[in-house]
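Which chain is which? They are A, B, C, D and E, in the order written, and residues in each are numbered from 1.
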Amino acid sequence: MTYNYHYDLATSQRKVILKLFFKWKGSLWKAIYQDLFIWCFLYALVSVIYRYAWDRSQQDTFERFMQFCNRRLDYIPINFMLGFFVTTVINRWMTQFANLGMIDNIALFTSMYLSGNDERGRILRRSIVRFCVMSQTMVFRDIHIGVRKRFPSLETMVAAGIMTSADLKKYNEVESRYAKYWLGFNWSFNLLNEARREGRIESSYTQNAIAEEIRTFRSGLSLIWTYDWVPLPLMYPQLVFLAVHCYYLVCLVSRQFVINSDAKMTTEIDLGVPFMTIIEFIFYMGWLKVAMDLLNPFGEDEDDFDCNFLIDRNLTVAMGIVDDTHDDGPILEKDMFWN
Amino acid sequence: MTYNYHYDLATSQRKVILKLFFKWKGSLWKAIYQDLFIWCFLYALVSVIYRYAWDRSQQDTFERFMQFCNRRLDYIPINFMLGFFVTTVINRWMTQFANLGMIDNIALFTSMYLSGNDERGRILRRSIVRFCVMSQTMVFRDIHIGVRKRFPSLETMVAAGIMTSADLKKYNEVESRYAKYWLGFNWSFNLLNEARREGRIESSYTQNAIAEEIRTFRSGLSLIWTYDWVPLPLMYPQLVFLAVHCYYLVCLVSRQFVINSDAKMTTEIDLGVPFMTIIEFIFYMGWLKVAMDLLNPFGEDEDDFDCNFLIDRNLTVAMGIVDDTHDDGPILEKDMFWN
Amino acid sequence: MTYNYHYDLATSQRKVILKLFFKWKGSLWKAIYQDLFIWCFLYALVSVIYRYAWDRSQQDTFERFMQFCNRRLDYIPINFMLGFFVTTVINRWMTQFANLGMIDNIALFTSMYLSGNDERGRILRRSIVRFCVMSQTMVFRDIHIGVRKRFPSLETMVAAGIMTSADLKKYNEVESRYAKYWLGFNWSFNLLNEARREGRIESSYTQNAIAEEIRTFRSGLSLIWTYDWVPLPLMYPQLVFLAVHCYYLVCLVSRQFVINSDAKMTTEIDLGVPFMTIIEFIFYMGWLKVAMDLLNPFGEDEDDFDCNFLIDRNLTVAMGIVDDTHDDGPILEKDMFWN
Amino acid sequence: MTYNYHYDLATSQRKVILKLFFKWKGSLWKAIYQDLFIWCFLYALVSVIYRYAWDRSQQDTFERFMQFCNRRLDYIPINFMLGFFVTTVINRWMTQFANLGMIDNIALFTSMYLSGNDERGRILRRSIVRFCVMSQTMVFRDIHIGVRKRFPSLETMVAAGIMTSADLKKYNEVESRYAKYWLGFNWSFNLLNEARREGRIESSYTQNAIAEEIRTFRSGLSLIWTYDWVPLPLMYPQLVFLAVHCYYLVCLVSRQFVINSDAKMTTEIDLGVPFMTIIEFIFYMGWLKVAMDLLNPFGEDEDDFDCNFLIDRNLTVAMGIVDDTHDDGPILEKDMFWN
Amino acid sequence: MTYNYHYDLATSQRKVILKLFFKWKGSLWKAIYQDLFIWCFLYALVSVIYRYAWDRSQQDTFERFMQFCNRRLDYIPINFMLGFFVTTVINRWMTQFANLGMIDNIALFTSMYLSGNDERGRILRRSIVRFCVMSQTMVFRDIHIGVRKRFPSLETMVAAGIMTSADLKKYNEVESRYAKYWLGFNWSFNLLNEARREGRIESSYTQNAIAEEIRTFRSGLSLIWTYDWVPLPLMYPQLVFLAVHCYYLVCLVSRQFVINSDAKMTTEIDLGVPFMTIIEFIFYMGWLKVAMDLLNPFGEDEDDFDCNFLIDRNLTVAMGIVDDTHDDGPILEKDMFWN
């Protein structure tokens, strides 16, 4: 997970900016320092060759080449491309993020409408929510590196308590050419039917109230999966990545300091270090990193969604709702404003 | 809360602009005056050193450095970055704001469908809506500085009448590794079940109508909490904040007035005060402050959401709806258009 | 209401443009002519002083100051700011506009599900929809200047037939620290309960169908009210308004015609009238006016929402649906395509 | 309807571009050719006067005026304005387009839940969907030129089979100061009630399922009508139209070729035909035409919504669903994958 | 389907960029290489003519023409147009993509609410979902080239098992001037009615729960079909395509290297190969290709939606849910966290 800077932002603002600048984890600095070092090294290399390895006429040719490049740098439209691309990517990211799937609503409705504090009632409720988390974990395993690493096989899901070994056996019996994410939801729906038949669910209306929550949860996961199935066309990120890298490749030449004062194009002052270009580099490369980070939020970057946390949380909270606190509340008292 | 300027805007518009310019609370001026003073002071410092501390050759070097910086200022793309960033931040802000949670719908449906004007009926209705406000307060405590300050502990919530001491006891009995925001909603759902069993709610259909309102309320709070859990990647605001501050750091040098008329780059006129740059400073720094303000609307800035007001309002209005005016309306008369 | 130009746009397009240019009501010209006159007057003033009041050396200083300003005019980023700001404001405007509240759905469902053509049935249906319009009017009274002027007190609402005097009495009996917009909806819900008890509503399911329409209507009004409660942070419009006005203040100087041909910066031709700057003024000031207009659509400008019309329409149409045409349709005939 | 180029785009892309360029119907060329001819004619006129009618000193003044205008052309911000304006207009267009109203859902639910293949059952189902199409036609008559022309009076709707003469008689009996779009829906709802009373609709639940589809259909039409009621403020399109036309008015002068080689500003080469300006003209004027086209999609342009087609289609398809294929499907066979 | 680069993006990012650059399938390179070759060839042609075929005075004229064009290249606003156009196109693409239609929800609800493991029950459930896939296939046949090629006639759909021959016979019996996409849904609804009458569906409430899923599925397909029916006005893509191609046509001349050092406009250095223009070409042409790709995602490009896959998947998964795993789940065990 990214560093959560919201609490910093809540108070005095000038200090915050300074504080934000010196964060390392999930920061701009961490994202770009390697690229920056490589670029600076190459710049120095070009600089040394130009200054010391070449004679005056070679330098002259190089200087005219520099000027040629520098005047045409604005042919590469990184400004616009990055602006529009990042906006598009953020919209996708927001949609994915809003559909990660919190189990709470399913658990609350199951707890309310599927009654019975005996073992059968408890096991029904626990299984319904557990099957939903199981399906969620399966989807995450296929799109999220971290979850995949944690659950390299279905057996590890059994070990983690997300499946029972009976579940796994049944799961493996079902044959399908396609991913079986739907199986957990089908099992949950079967249990709703059983509970209804046993009279634990009062009416088909309340049964459907639970089913609708499961449907919403499933549709969200389905959306996330389809976003993974159909990414933005490869050439769009390719285009943007290429633009930024070409730009800085050309800058290696075009932003050199001219050392001969009789050159056609002279630099105002020979600083050696192209600090304005470095600042520029930080911004555009940083902007690109933002885009790359958000393009696949199911990786292992620090800003990526913490799906393992979500799975654990869903399982624990769901069990808390449907079992531990089922049909159990405080003794009702008159509140303070009673009259 | 911000100054509400809507009423000003409703009437004659030229006066309004003038009036808006001279607001202080929540204004542009208040947001940037400190930054502006610091920048002006630093500018003056550089100016004094350049004019009085250095000899002609040092000045010449400095002038060439100035020119170098000034010509490259447009390397820093604050214009585009701020435009796109502010748009993104405003979209988040609007979503959060639309999900703060008004209790009205829950209260209205509870009042309609949970009948009985005896003490039990009243206490049931009051408790259902109170538990919702309780959960809302708990979410706000974790993300909103002002609510946190008002309710540093759960005991203070008891003192404020949002919980009873029985609630608190029960709340503390429930153990969970994760935040227990859901507990209040679980209790509300339990009470719905009890009311249904007691026949105070006519059918499972009307029970669910109330439950759906509570679900919508809860999902909104859940969204707000997740927005707090997963902020925009740190590096995006970092990038934008850094861009604006770098820009003005470079401006300290590049926007000095050249005093030697034989310098390569001369300024048209030596005004001493860089008023155009100051105007520019106001706009870009102001735009940045808008972004920072909206980035975490749960702080204590004047423009931040007034969650304490919302909690009080929700509690009062909910009690008014479910109890004071329950099952009580005006005597029906023929209206004026009766025929 | 604004001039509705849709019908013009439907036909031949070249004429339309010309026609659109010469509209006055709600037009660009009306919005900016005063600002334009003031600016032109100030420009002329500066021009006269520069040309006739000052001697050559003062003129020279002024000319260098002009040049200084003109070259730095692009420091003020009105182009970008206006583009992004207007987009944000239009989105808010569209959302408000989509939630103004048409009563039709409530009326149609009430008419269908609350049966009985006796006096009691009619009064129940009429009261339910009337209470909704009453609450709508109360919300509009607090945010819309025109509605406020029309209904300065609740008594005027009685006089207009939106409340009865019994309603007003009951309304005043209810005490609350907060706005009582919800009261009308509570009364409507009570009537639904009564009608259900009297058997006029067949089932709790159909009762809820009506209740859901009222909920949707109420939520829309709630959203509008919250948009009014939490405006965009003051400093954002302040920033944009300031940018445009600063820009044109600087233009008063920087866009003067240079009269001395030996000045450093000369103007190509001395036209006296800065017509290109005037054209520019029209566009940017006009764009700003669009933003101001849309920022609070509940004022009295020609483009603002005509809420008084909406209230009247809602009341009349609702009565027409629930009473005049209740349970009354044409005799069914075989249609033309029957076979 | 516009030319549908989707099928062209599906295959080899280079040919497609060429093919797209040479379309005439609904094309760029058709949209701008008149404007372009007028502009070219005026340009030639100015050109002839400048070259042949004036003496050297008049030419000199004109040349300085040209230079004056040309350097200030970028004062007119058409680029930004068009970009943001077109985006806003497209969003409105998409919303309108998504709410035009397909009858299918209403028809499918009516067919499923309103049983009975006797004459009474058929006439009930046919009338319910016909009343919805009737209301749709009435809304379209008021906002769409083509539908208005096809149905200049309600009698023509009777002739087209959308109303019966009994409907028209009843319709005219209802008096209202406001548009009676709601009447058809009220009649449909009445018929649902009758069908329920006659036992043709099984429960109030299925009755409401049909009613909800009608509600959705009606709300879409209501939205379209309100979009027509409240257009974008007149001054926004005025602003954009004016900007583009001013720009090209100034270009008539500023883009002339300088013929005197001793002029301060010389043109590199005297081509006579300002082909780069003509290309520019095509793009900006074309972009403006896109905006104008989309601003009112209910006109008679080739790209406007074909509402007459939609009405016919809705009527035919609805009758097909509720009557011709009611309660009639293929004999069920085991499918190919049965095991 | 496009190359799915999400998994690359999940790990170390620098390598990824390099890897992404060298992809061919669905890549930028594949999209533009032909256009690039053509452009380079034409550029070389112009270059050869200019350098070798013309004498000095012809060269001079050409050089002035070059200069004329080059200075006016920014008249063609491809930057802005592409940015806004691509954003609009991506929004359409996202909406279409979100409505392609996954059968899962329909299948899950059918399996839960339509009980009976006898042949009749199985055939009912299988037919309901199969009819939905059938209608989906019919819609896709009309808008998707790949599906059309796979199913050139309805008989091929019978052969593929999507229809039975009885279905086809019935389908052909129904006459309609308009597309009969709705027929499959009508059949599904009829089967729901039959199942309800046979008591296999418990109540009209659960019947409607299935019907609502089918409705949602159908509305999505309807939206996709209407997007195909009403494309963006032809002139908008025409405009953008034309702008990019005009720009590069002018570049053929304007970006030539000047060979005569005494020309008015000289190039800094004569490289022969206009590599900066080639880089520019790659970006703008690539951006255009992104737009063209997304404009009709139902073609056969590598990035287009793989509708054939979706149809197969829907059919297989639906059968798996409603039949193979109907009413069949694992034996419930106490999970690991049971206490």
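FYI, contacts are C-beta pairs under 8 Å (C-beta built on N, C-alpha and C of every residue); 3 or more make two chains touch, one makes a residue touch a chain.
Nothing here was measured: the structure is a model prediction, and the numbers come from that model.
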Minimum number of chain-to-chain touching steps separating chain A from chain E: 1
Pieces of the assembly without chain B, by contact: one piece
Angle of the C-alpha superposing rotation, chain C to chain E, to the nearest 5 degrees: 145
Self-contact between copies chain C and chain D, residue sets same or different by half: different
Chain D and chain E: spacing of chain centres that average the CA atoms, whole Å: 24
Centroid spacing, where centroids are CA-atom means, of chain B and chain E in whole angstrom: 39
For chain B, residues that touch 2 or more chains besides their own: 80, 83, 87, 205, 289
Overall pattern in which the protein chains touch one another (line/ring/star/complete/other): ring
Cyclic chain order - from chain A, heading first toward chain E: A, E, D, C, B
Residue ranges of chain A touching chain B (in the complex, touch as defined): 1-7, 9-11, 13-14, 16-17, 20-21, 23, 26-28, 31, 79-80, 82-83, 86-87, 90, 94, 97-98, 100, 102, 104-105, 107-109, 111-113, 115, 202-203, 205-206, 209, 213, 267-269, 271, 276-277, 279-280, 282-284, 286-287, 289-290, 293-294, 303, 305, 313, 316-317, 320-321, 324-325, 327-338
Residue ranges of chain E in contact with chain D within the complex: 34-35, 61, 64-65, 67-69, 71-72, 75-77, 80-81, 83-84, 87-88, 91-92, 123-124, 126-127, 130, 143, 145, 160-161, 164-167, 169-171, 174, 176-178, 182-183, 185-187, 189-193, 204-205, 207-208, 211-212, 215, 218-219, 222-223, 226, 228-239, 241-243, 245-246, 250, 264-265, 289, 292, 295-296, 298-300, 315, 319
